[in-house]
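Two complexes come next, and they have one chain in common, chain A, joined by chain B in the first and chain C in the second.
Up next is the complex of A and B:
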């Protein structure tokens, strides 16, 4: 299928989203070439996006599929990040022996155990109880991480987390062996109109390491996405979607709704923990601040904005949240400090927003949510109309 | 058809699919079901009628496991299911429908139908990965069965419509068709023609009679007396949480105690 045909076959929302993603990526490439972004920061942004995508895919597997309200995204993210960091960080008080894989297993098993423990008493009750219990769990996990210093190093955090592939055969030494690439600086432009400098940086070992991390994130996100897509359109996913609409109906038809809800909750929590594992390697440092409730709500925003119940929507939502979180850092540099037109109240408001984007970021997020809910309550990319096991239709569709 | 009428329920049945004995449920100070006992004979269409507040819906919820009884037993096909979870009771072959048709958002009609099929290998998370071929084969068979079932209910053209875009009557048909995909021993229908126009009520009545001819045992609650009297035999009359009389439609209709119960007088 040619690109043009493929584009023509999309819904309007899909076209809009593809154009937005392409445009945004193009903007990043331009910023990269003109020196607005450094290569390693660009890769960091891409990795951060991958992490948010994992978190929103995880929440989507709970809220979007089954309708489970989980307010402890940050806790499961934290369990993943600390699970990885406790094994590999240089100042880990526990000094658990093992490498990346042991950390990964610890994160997955730890989050699955905690998810099961919180789910067993609450899933039999009405939906609101899980919401309340998970809100409490998030705070409990954060307080434990903050105060159990002999395990987690408390507010000091865990530092010195090595690269994902450090010590691995082939992949470990690879970045050091790759040649450094030097890009000379060029000046381009239209004479008399404008001139900008492009390129002019060197890609050395740190860049290759970041690139390898990034490849790892991409591979993992792709694997998780494919797995979730498979289970979502399976009979298993169909039961979850039935539970979301009407749990009584599902149980009247002989489905053990409690078992399905438990599986959905554990699956989503493990995916969130994977996001945490990547975060630990991405920034090489974790501290209890990463477990703040605000991170949970960013992920909720991503899922609702993208379209609850849609894997692609969750991915897009993750992308948008990173764009807002990181994009607002630059907005104050790009936007003029003063409003060009002189309207008294507006000038003050504008000045307050532009001078302090860190604080007004949440205002923007809130406005965005209000707009999406007003104009498109099902989210930007709602789930496809019919989800059936793909090979089941081949012979019956005549 | 006989004119036989028994005071209380007729417990002398040869081959009961459902046996309810001494069922009691209290909500605070209100006794909704008070020592209700009855049996549903295999192959028949049994109706539960009674004035508002007689405890019909409560009995359905108790029998299907949505409420836990304070006392009494429920047996499906000889197996004691008292106090079991709804899905366990459904596994024993008792499938119920709901008064207001339940909408499945974001699903097409055939998807919503597929939920009904029991014992799907694809409902096991592990088998999705270890036995993909088996899952696909079962799913293919189920899709085919869903299409056939929709055809049998003369709504095959709705298969790929969104399940939320149906009229009330179509939803009732889909719900009935879906319940049949679960291959029930006993079908509990909670007000199958409530809020449905008379033409469609007749259609539904024909469908239920046809299912019964095919060997499905049906037990239903309904307020529409014409519908009940044409379709069901026997009819069990409930009053104040327990069984008043049981008998053929004609016998029940002629009984003074039934008339009194409906008119709110003192029952004899």
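Up next is the complex of A and C:
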């Protein structure tokens, strides 16, 4: 199938999303070439996107598939991040021996255990009670991380987390062995109209390390995506979808809905913990601030904006969240501090918004939640054909 | 023994929780969703009171070591919170075509918008009303109770408001209509009650009380943009403990949760002496409230009031 035919076969929403993602990627590439972004920051952004995609895929497996309102995303993310950090960080109070894999296993097992412990009592509750209880339990986890200094170093956080592949046989020394690539600076443009300088940077060892981290994220995201897509289409996934639309129907059909809800909750929580593990390696530092409730709601935006129940939607949502998070940071650097025109009230409002981008981000997040629920509660990419087996689709087309 | 003092402190903190939990419970029963923006409505009221206090400040004589202007400012704060809540209801909640879970998610967005606007206007750092702090009342110090006149004012004002609400609910036409709507909205509509108007009144009363509670919280601690969100889970715990939808249950739940919250130092002292109990310090006061909430949800989801709706 040619690219054109594929584009023609998409729904309008899919076309719009494809254009958005392509346009956004193109913008990043242009910014990279013209020096607006450094290569390592670009890779950081890409890694952050991968992490948010993992978190939204995890939440989607709970809320999108089964309809479980989990407001403790930040807690599972934090368990993953702290699980990885406690093993490898240089100032870890517990000093658990082991490397990346031990951290990964600890994070996955830890989050699965905590998810089961939280789920067993709360999943029997009504949906809105579950929301309140899970937000409360997320706060409990945050309080413990903050107050148990002898385990987590409290508000000081954990620093000195090494690179993902440090100390591995082949991959560890690889970045150091790869040659540094030097790109000469060029000036391009149309004579007389404009000239810009492009390239002119060197890709050395830090870049290769970041690239390796990024490749690891991509591999994990792809594996998780394929796995979730497979289980979502499977008979197991169909039961989850039935529970979401009508739980009594599912139990009338003889399904143990509680067991299915529990499995879906644990599956999603483990995926979130994986996101946390990557975050720890991405920024090489974790502190209890990462467990703030706002981080839970970033992920919620990604899922409801993308389309609850749609894995592709969750991936798209991850993109948008990074665009909001880092875009506002970027905007604060390039926007002028004062409005060029002098309109009395507007100048003050503009000044407040530009000078405090943390609050502006919160405002954007809040408005986005309200607008999505008002204008398109099903999200941008609600699940449609992706729930059908491709072979079934071909038969109906004929 | 400092137990008396902790109890007295618990009573003061409870007064604020009670004011907040009444509104949350009213909205839960009449608008039918868990309003996560309720805590930030308290912050809106507190900051509106702060602005008003800056204008009318020390007007009038002092009552309980607080100028009458302060009580007027609190009234302004409550009114602003009520107005903001009604505007939000008309602009955001009413046009939505989603179920109660959708409303719940939307209310989180609303909460962030409130908080972001407060932060943009007042900054993220805590501020204070600037009323001089009081020394503990001398007559009570020998009894081991260190409590200030301001704290007496908080308890007394909360008591007046709660009694006022009780009279409103039980003896006025509006109160009867509100109780009928909470009990069975369709039946109330068939009986000729304009339920839309009742919803408005619910928001006005609930948010108004929350705004006043926020003002008292600002006097008791400090004002910060996160003050409401930080206390929201404790308020939810109180509402759930009392039984969702029951105003009187919410009052009882608020009283209990507030006292337990402040009694944490004593509770942790006792807990240390017991075997097999982890050493939970006062830092875990909120944690204990959440755990009580989860336990109540599991054992008795209808709350201590037994699901009797107002």
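Quick notes
One rule holds for everything that comes next: the second predicted complex is superposed on the first by the 364 of 398 C-alpha atoms of A that agree within 3 Å, B and C clash if a C-alpha of one lies under 4 Å from a C-alpha of the other, contacts with A are read in each partner's own complex, and residues count from 1 in each chain.
Keep in mind that, in the parts below, a residue touches a chain if its C-beta (ideal position, glycine included) is under 8 Å from a C-beta of that chain, and two chains touch if they have at least 3 such contacts.
Predicted model only: the values in this text are computed from it and were never measured.
In the superposed model, A:122 lies in contact with chain C only, and not with chain B.
By the touch criterion stated above, A:213 is placed in contact with neither chain B nor chain C. When the shared chain is aligned, no partner comes close enough to touch A:295: not chain B, not chain C.
Shared-chain residue A:249: touches chain B; no touch with chain C. Using the contact criterion defined above for the overlaid structures, shared-chain residue A:234 touches chain B, although it does not reach chain C. In the superposed model, A:352 lies in contact with chain C only, and not with chain B.
Within the superposed three-chain model, A:66 lies out of touch with both chain B and chain C [touch as defined at top]. After overlaying the two complexes on the shared chain, residue contacts for A:360 are found with chain C alone; chain B is out of touch.
Shared contact residues of chain A, touching chain B in one structure and chain C in the other, are absent. Every residue of chain B that touches chain A in the complex is listed here, in rising order: 64-66, 85-87, 90-91, 95-98, 102-108, 110-111, 114-116, 118, 120-125, 128, 135-136, 138-140, 142-144, 147, 160, 162, 178-179, 182. The residues of chain A lying in touch with chain C in their complex are 69, 121-122, 124-129, 131-133, 135-137, 139-140, 143-144, 146-147, 293-294, 297, 300, 304, 352-353, 356, 358-360, 362-363, 365-370, 373-374, 377. Of all the residues in chain A, the ones that touch chain B in their complex are 230-231, 234-236, 238-239, 241-242, 244-246, 248-257, 263, 267, 309, 382-383, 385-389, 391-396.
Residues of chain C touching chain A in their complex: 33-34, 92, 95-98, 100-102, 104-106, 108-117, 119-121, 123-124, 229, 233, 236-237, 240, 281, 283-284, 286-287, 290-291, 293-294, 297-298, 301.
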